[in-house]
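Report on the structure given below.
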Amino acid sequence: MTESSPIRMSIREIAERIEAEVIGDESLEITHTAAMDDAGPGSLTYLKEKSYQKYLPDTQATAVLLKKELSEQCPVTALVVDDPYVAYARVSQLFYPLKEVSPGLHESAVISAEAQISKTAQVGPRAVIEAGVIIGAHCYIGPGCILQAGSRIGDGTRLMANVSIGAGCVLGQRGLIHPGVVIGADGFGFANDQGHWVKIPQIGKVVIGDDVEIGANTCIDCGAVHDTQIGNGVKIDNLVQIGHNVVIGDHSIIVATAAIGGSSIIGGHCAIAGGTGLAGHLELCDGVTVTGMSMVSHSIHSPGIYSSGISVQETRQWRRNHARLHKLDKIIKELKDELRSLKSESE
Amino acid sequence: MTESSPIRMSIREIAERIEAEVIGDESLEITHTAAMDDAGPGSLTYLKEKSYQKYLPDTQATAVLLKKELSEQCPVTALVVDDPYVAYARVSQLFYPLKEVSPGLHESAVISAEAQISKTAQVGPRAVIEAGVIIGAHCYIGPGCILQAGSRIGDGTRLMANVSIGAGCVLGQRGLIHPGVVIGADGFGFANDQGHWVKIPQIGKVVIGDDVEIGANTCIDCGAVHDTQIGNGVKIDNLVQIGHNVVIGDHSIIVATAAIGGSSIIGGHCAIAGGTGLAGHLELCDGVTVTGMSMVSHSIHSPGIYSSGISVQETRQWRRNHARLHKLDKIIKELKDELRSLKSESE
Amino acid sequence: MTESSPIRMSIREIAERIEAEVIGDESLEITHTAAMDDAGPGSLTYLKEKSYQKYLPDTQATAVLLKKELSEQCPVTALVVDDPYVAYARVSQLFYPLKEVSPGLHESAVISAEAQISKTAQVGPRAVIEAGVIIGAHCYIGPGCILQAGSRIGDGTRLMANVSIGAGCVLGQRGLIHPGVVIGADGFGFANDQGHWVKIPQIGKVVIGDDVEIGANTCIDCGAVHDTQIGNGVKIDNLVQIGHNVVIGDHSIIVATAAIGGSSIIGGHCAIAGGTGLAGHLELCDGVTVTGMSMVSHSIHSPGIYSSGISVQETRQWRRNHARLHKLDKIIKELKDELRSLKSESE
């Protein structure tokens, strides 16, 4: 929802906004931000990692965000900051602000008379707002979004398009929910009655904190009895599955196609990488990182980095290793047996 | 679609409905169901597993569903049943019934004059119903749902929101289809003509049995030539992929983010756990369970439990194991060679 | 979007269209195409693989597409071609052509006065077309599709239902985009400021080539700075994730539930099988195939087939192998140590 805008700012103005020290000409005008390897005139770029240092001497950028120790090598104006990448993010937000909300209700939206919608909110074409819904100030409810009865959207939150919010669900402030997201559909709960599945009514809600971003087509199920809870500052990527009753702590991040099984509790400042799966009813303490395509089937009580993904080899080679893996227990037993018998012979 | 309702029932009434034996005061009033670890006054709870037995002596619940052998330890009214969890599911359905359907067609829905819609069905705002569609009694077609030409929805089936049903697809009775589900999009079929992909028209339908639940944003492709078939009582979770021509037997269950490759046939009473993938053109007999994040690349002809998921370790440790795995065939060959030469020496 | 149509063609006519040599009666009429194992009278079938050769002597088909060397064994009319499966695809397209587009704008669509829509295009019910959108000749914009400001759809491209196209995104000609697809939502980019995630505006677009098919509920994120690019002839299945800045070369294919991490570059004529994940910032050269449920965590510079998926075993057996795998480094060290000490003893 950003757009390339005709914003222009002097280096001085930018430095004041992000509290950077300027070394060089602070009167120059910046027109956009750019990555180090293709930053041209008018751009502000950043030096995040050592591997990009080689581009610094020849940069065409007008200014560079970097750490103190690299400022002497900078051939153009330097903006000295503690964390160049964070500074770049903040400056980019100045140049590419969120599209402004245009308050008002589109005539094609279907809005219950019993909904409360802030006068500063925008409801787009074909949105459906059921009874009891409360929409806060400066919200954007995009085209085709469906807000079921009694759901509540906090101030400044944006639902981009075709988002579905279940009855009674609560979203915090300044959220950003991408197209196709489904929040508050029934959790997956059944009892098996002699081979037939009997549905357990899913009566909890989903409660989402402030400053949460949720990627396209991600699903967050409502709780079975208690609520599913997503903490403040949590960032969730596309096509992620969050089961019923899950609790995710503040400022955790979950990457695309990951899946969190029902009733699992994830601490704060965790990172679950892409394609990773957590079984249900687990606990991860604060500060756990799980790398990509891993499976977590037991609770983790120590912060740290965990993995079980296997990286590819040529198929011919992998097949041989795979065949050994499928017999690993037997092979190792046999090797140990042979060793033992050799040993006893040699004694 | 359940809602907390002001339903009140006596224990006697509940016991009659689920055919339970009551030990204790059967005149007490129940107002809701609850999990054992936070059941308060007025609640009916259940004792499913031994691990929850510790909560029984101090329970604040008004009554407990449990097995005969535990009834003596119950400090409150006991409802004795064979399967407490199934009984809990059934009682919960009494307290949290499906929201009632309000017959009628919303004025914002776009409905073909050539569609046949039961007078007892509800069509929500902005639904699109094309020519030849047949919608049965007491159906609920939620906001934004799209039913393409000639599709048929059986009595009592509910499509929650933004569901897309392809031309000619058939859904059975009492189904529950969650938001964003896509049924009957083209299967993935191409022939490779010297490097270019030539589309094979996908002319089959999807045919779904009775009492099927399908989770949010799940996709079930139409058949290439024959139909894709989902049996009675099948339960499918969120973000599941079902390829063209797949056949799933009655009462099987497929958990979130699993994927079933095209033309595979899954028997009845199977369970495919989350994140698991089946290749195409396989057969699984009745009664196969595959645990989470496993890969099935060959047919399975014996009922039982199958796995290949690997659970996480600390990354430092996993990396060492992973490095060995990538050379496993070579390492084992070398070990065997050394053993052989030692053996021949010792002889 | 195909439909069983009352098309009839003589074998002669078909042979001319696909440049096949006819052996047998070329005046017979064909009414449909069918698979070898259930081809009945009136059908044209094909013999793709040796494994289906057994059906040939007793086929009830009216004609068979096959290679020259098998034509003598064909009991009915043979159409001799180089690649029977490709020929079958092309003939099927004759019998099941794409549904015709009915030019015009549905009255329930919400269309900006500043959009340019070809007179030969069809815009379905409840579509939303924002300002600056350009829709080419013979396009089909299905029900519920949302085209944000400035997006462009090439001639002959079809968006089936509830598709969401982000601002400024560009789709080529003859594309087929299935329901629920989200193109151009924000990529997943954040800088971590002392534990809090700061959003990096995602200002790139998605640019898609000609003849691209995209499966249901798939997500393709917009670029962070540069554009995400999908080449010509690329085929993407359902529920696939394509991260920001990804570049996919011409005629590559990506199967269901695969995920491509941000900034990765995939060559032409690659095949990424179902459930496979690529980390971000990788390069795959032309002609790389990765088999199902594999993880690619390093770049691949040689064409070929790569794997790391593990296929299931009975759980009892897998658990023993899994336990050994979790200690593999330690076990192998110990075995080597024992061998070494035995060796030194025997010397």
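For the reader, a short list of remarks on this structure follows.
Order of writing sets the labels: A, B and C. Residues in every chain begin at 1.
Operating definition for what follows: a contact is a pair of C-beta atoms (placed from the backbone, for glycine too) under 8 Å apart; a residue touches a chain by one contact, two chains touch by 3 or more.
Fair warning: this is a prediction, and the values are worked out from it, not measured in the lab.
In terms of which chains touch, the assembly is arranged so that all chains touch all other chains.
Under half of the residue numbers at the interface between copies chain B and chain C are found on both sides, making the touching surfaces mostly different. We define each chain's centre as the mean of its Cα atoms; on that basis chain B and chain C are separated by 26 Å. Among all residues of chain B, those that touch two or more other chains are 108, 126, 144, 162, 180, 217, 239, 257, 310-311, 313, 325, 328, 335, 339, 342, 346.
Residues of chain B that touch chain A in their complex: 1-4, 33-35, 83, 85-86, 88-90, 92-93, 95-96, 106, 108, 124-126, 142-144, 160-162, 176, 178-180, 213, 215-217, 233, 235, 237-239, 251, 253, 255-257, 269, 274-275, 292-293, 309-316, 318-319, 322, 325-329, 332, 335-336, 339, 342-343, 346. In the complex of the two chains, the chain B residues touching chain C come out as 108, 110, 126, 128, 144, 146, 148, 162, 164, 167, 180, 182, 185-186, 188, 190-193, 195-203, 217, 219, 221, 225-226, 239, 241, 243, 257, 259, 261, 277, 279, 290-291, 294-298, 300, 304-308, 310-311, 313, 317, 320-321, 323-325, 328, 331, 335, 338-339, 342, 345-346.
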